[in-house]
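Given below, in the form of structure tokens, are the structures.
Each of the next two complexes has chain A plus one other chain: chain B in the first, chain C in the second.
And then the complex of A and B:
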């Protein structure tokens, strides 16, 4: 597949990144070049191979269920661009 | 300042009261001020560093030291969250972010009494090999070619971390390595860069790029210093479920450069006609040197080496697109006003991220999207299994693998290729190590015909950092590389 204007704008929507018209050409050129590069993997047979998601052979440990008072509402909200009481404020979602 | 400062030598000077932490810290702060042109630091913690140095001097007086290295100032890549100190990942989207927590690695440094001089420039979100993608501009390599006055890239993404050590803007630094981001800049700057095994060092509190590949590690002047800093930062951390429960070792104490009887593998797939003659020569010479010192050189094959880079450029962007979804203008970082919630997300991310980060998020979103997930993401993970098994097989035959660190020495900032794929090729020798989760180290071996450092890479099996450091130390001891850049920025 090739990235054309339409598919690129759709991808931008999925990734929540607006793409301006003047960037479309270069971006599609770059992404097509990357895609062409990774497409060489198609030639390698992998039918009998299991995927590796993580190189560490270690089972995930369960931690103790302890009450921790760190990282409370005040800490979490400290860097919020806009807040009110104990809430993050965002543009109105429901009319 | 003496160029011979190392963590090891400074510990002795401090112990013998030849210098105080405050004097030492002031000296480095002065170097940083004089070296501003190199653009190594995003944030200089002048005031805090001096206060911390005074506290260290107090601890020394009252014989209440946190470690032998208490009072030594270091630099920290601007990817580690540091409490009360701006942490930007060199991105506009985080340019106002002041964490209220401390990453485990930097906490470990603080627990050892190390002092932070500030936060080091890097590629935006650690995505790049030249440090050019930083929102705060390129870092300049302290090295220059003898044939030209043009500025060179320091490598990346830990470009500031490597350049700062090379230019004496700190004695040692912390970097992170997802596909070569410690080893490649170390190679370009004549410094030692160590990427530990996946899981050896906690990732907690490090701005995430590709979580299955990211590892923090030291950039230092010597292999001994790399061992010292690894001792300080490594170990299990219950806050990172992928940090290993394998007990950590005393790497520095157990450093032993005897390599008699060891087998060192030379992988044929790393050979290339495109490799500069001087790099090939260093590689051959180093193999001979190890042989002279008692090791056996073994030709090996890592058949899937050439598939590592394309697999990496599926897996890393996929994980990045997922990790970077958190930057939405709601909880922290930049917010750009929009007509509604979605518009706000799109505008924030469009203005907040640079071009390379956007490219990777878009590619990552694509390879994870319905219809392409199996063909790209799962396929790449299967290739990853093949790469890993290449190394499993190799380590049945050899103790360590020797390769060049990079396909070239440092190049001019102005000559950076505009095609992203051409840039990705910088990491061709380092990426397989991350995919397989292995430890790797780049050490300076010699300078090329332009007087630019050539780095060689050693790789061992997972959690064999001791062996890795031992072989590296053997090379270091034998060649005694002591080249330093001319300080052209001190006019």
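And then the complex of A and C:
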């Protein structure tokens, strides 16, 4: 798979990361080499194998429906760069 | 009116319902799920997506999803997988929502709804578990958006229908039916005002025989009224565009509850690319046959089954049965009252008088000022002829105001109806004897005077005489 500059800019946009022009070339080269490496996996014949979403041979751990309130609003907001009236404050989002 | 506007066009409607699982704690964390708490007071380090935090799934939520699947006549998938749905938004601290993509916990099923043309099967495509997002407030400050993460991470069941509905009414019936099933199962409280159940509606229009049209999705409708109004508006909008020679853009739209209009929410170039992949923090969810069987056996009687039983056991009409079973509390109330009583009478009093009182007072049946036992007592007094229907209405209103029992009010007001034939006969004789002229006219063919005699007899009894007996006796005497 070819990872061109257009795809790279789109990916950057989706992740809200700005990519400056001078970094475009190197970044797309890096990503391409990763994809090339991953492409090697395609050489393995898998049509007889069930899809694997996880390689661990374990069952999913579950927990009971019990409430635990370790943190209050003050604790969780302590990490917020901006806060007001118990809310996180972020730049205006317009729908 | 709707039918007129849309005449000559097919409507194709599919619905995604987001139903909040009735759990105490969140899907992957132990934070509480209470509604209306102080902002950000129910947020754990997992919900806030602090580095290194790992999700551990709530067993109860898995059970509720499977139960709901059984209630929707759906296939339960013994292996399902949690995926990351990636997008960047301020109400989603993880940067991805944990959801299920290719392998949901519940597969295809169906529900049956009542339509103008009888029963209709609406297909269910799937049900999957996912996290809810936080809540953004855009109107608190001109320059900033405020975020409350209390809802973030609460377990939702997303129920996706097939595009099987073809009118706003069918769409509303479908959501009603799913909500009712979930409430009977107890897997979701169905509270639409608090957002425990909300619907995204996909609408497209096409001319019969033509290809399907382009669909638009209207997000986050939280009442039956809005679902109906949004579909009507959207269908008309699309028809108008096509008739003007323009085309419909596939897009997500928001419904403005004030104006009743929909507007575009995200432009096409920003179309989301979610880059789903299996969440490496969570192993596949595997369900055991015996465990599923155990849940199947725990499923209570559901609305369709109760409806059938009511029709067979109490000879209710399909229409009445439908009204009564649509709500779990109503069907329980009805069943309490109807035991050993006349079903027809009980149906009239529950769906007629009681409902009108509840409507007037804007109450749900759980908060009814008249208990099922009290209504039963009232019905008993109608059945044994102690009071007439008209008097019973008066008594019911008084019961509502004073909280007193039916008998107490009947005694206090001296309301009891006279059903003693001898007593009524003497009243009737009295009326006929004091109106010999009218009796003569009646016998000469002036039939209309019959009502006059009944009226006089009732007046004489101060409205207490059993009207049926009065009627019968007057008829008998006049034909002698």
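Simple rule for what comes next: the second predicted complex is superposed on the first by the 86 of 95 C-alpha atoms of A that agree within 3 Å, B and C clash if a C-alpha of one lies under 4 Å from a C-alpha of the other, contacts with A are read in each partner's own complex, and residues count from 1 in each chain.
Quick note on the criterion: a residue touches a chain if its C-beta (ideal position, glycine included) is under 8 Å from a C-beta of that chain, and two chains touch if they have at least 3 such contacts.
The structure presented is a predicted model; accordingly, all values stated were derived computationally and were not measured.
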Task = Pick one for A:92: touches chain B only (first), chain C only (second), both, or neither.
result = both
Message = Contacts for A:84 in the overlay, against chain B (first) and chain C (second): which applies, first, second, both or neither?
response = second
Message = If we overlay the two complexes on their shared chain A, which of chain B and chain C does A:68 touch? Say first, second, both or neither.
response = second
Remark   = In this superposition, the partner of chain A with more touched residues, chain B or chain C, is B
Message = Quick one: is A:37 in contact with chain B, with chain C, with both, or with neither? Answer first, second, both or neither.
response = first
Remark   = Residues on chain A touched by both chain B and chain C 14-16, 53-54, 56, 58, 60-61, 63, 71, 76, 79, 82, 88, 90-93
Task = Would you tell me which residues of chain A are touching chain B in their complex?
result = 8, 11-12, 14-20, 27, 30-31, 33-42, 44, 46, 49-56, 58, 60-61, 63, 71, 75-76, 78-82, 88, 90-93
Message = Quick check: in the complex, which residue numbers of chain C touch chain A?
response = 23-25, 30-32, 38-45, 48, 50, 56-62, 81, 86-90, 103, 136-138, 140-149, 254, 265, 273, 275, 278, 280, 282-286
Inquiry  = Can you tell me which positions in chain B touch chain A when the two form their complex?
reply    = 96-101, 198-199, 212, 238, 241-242, 244-245, 304, 307, 309-311, 313-314, 321, 325, 328-335, 337-347, 349-350, 353, 358-359, 361-363, 365-367, 369, 375-376, 378-386, 388, 419-421, 424, 435-438, 462
Remark   = Contacts from chain A onto chain C in the complex sit at residues 10, 14-16, 53-54, 56, 58-73, 76-77, 79, 82, 84-95
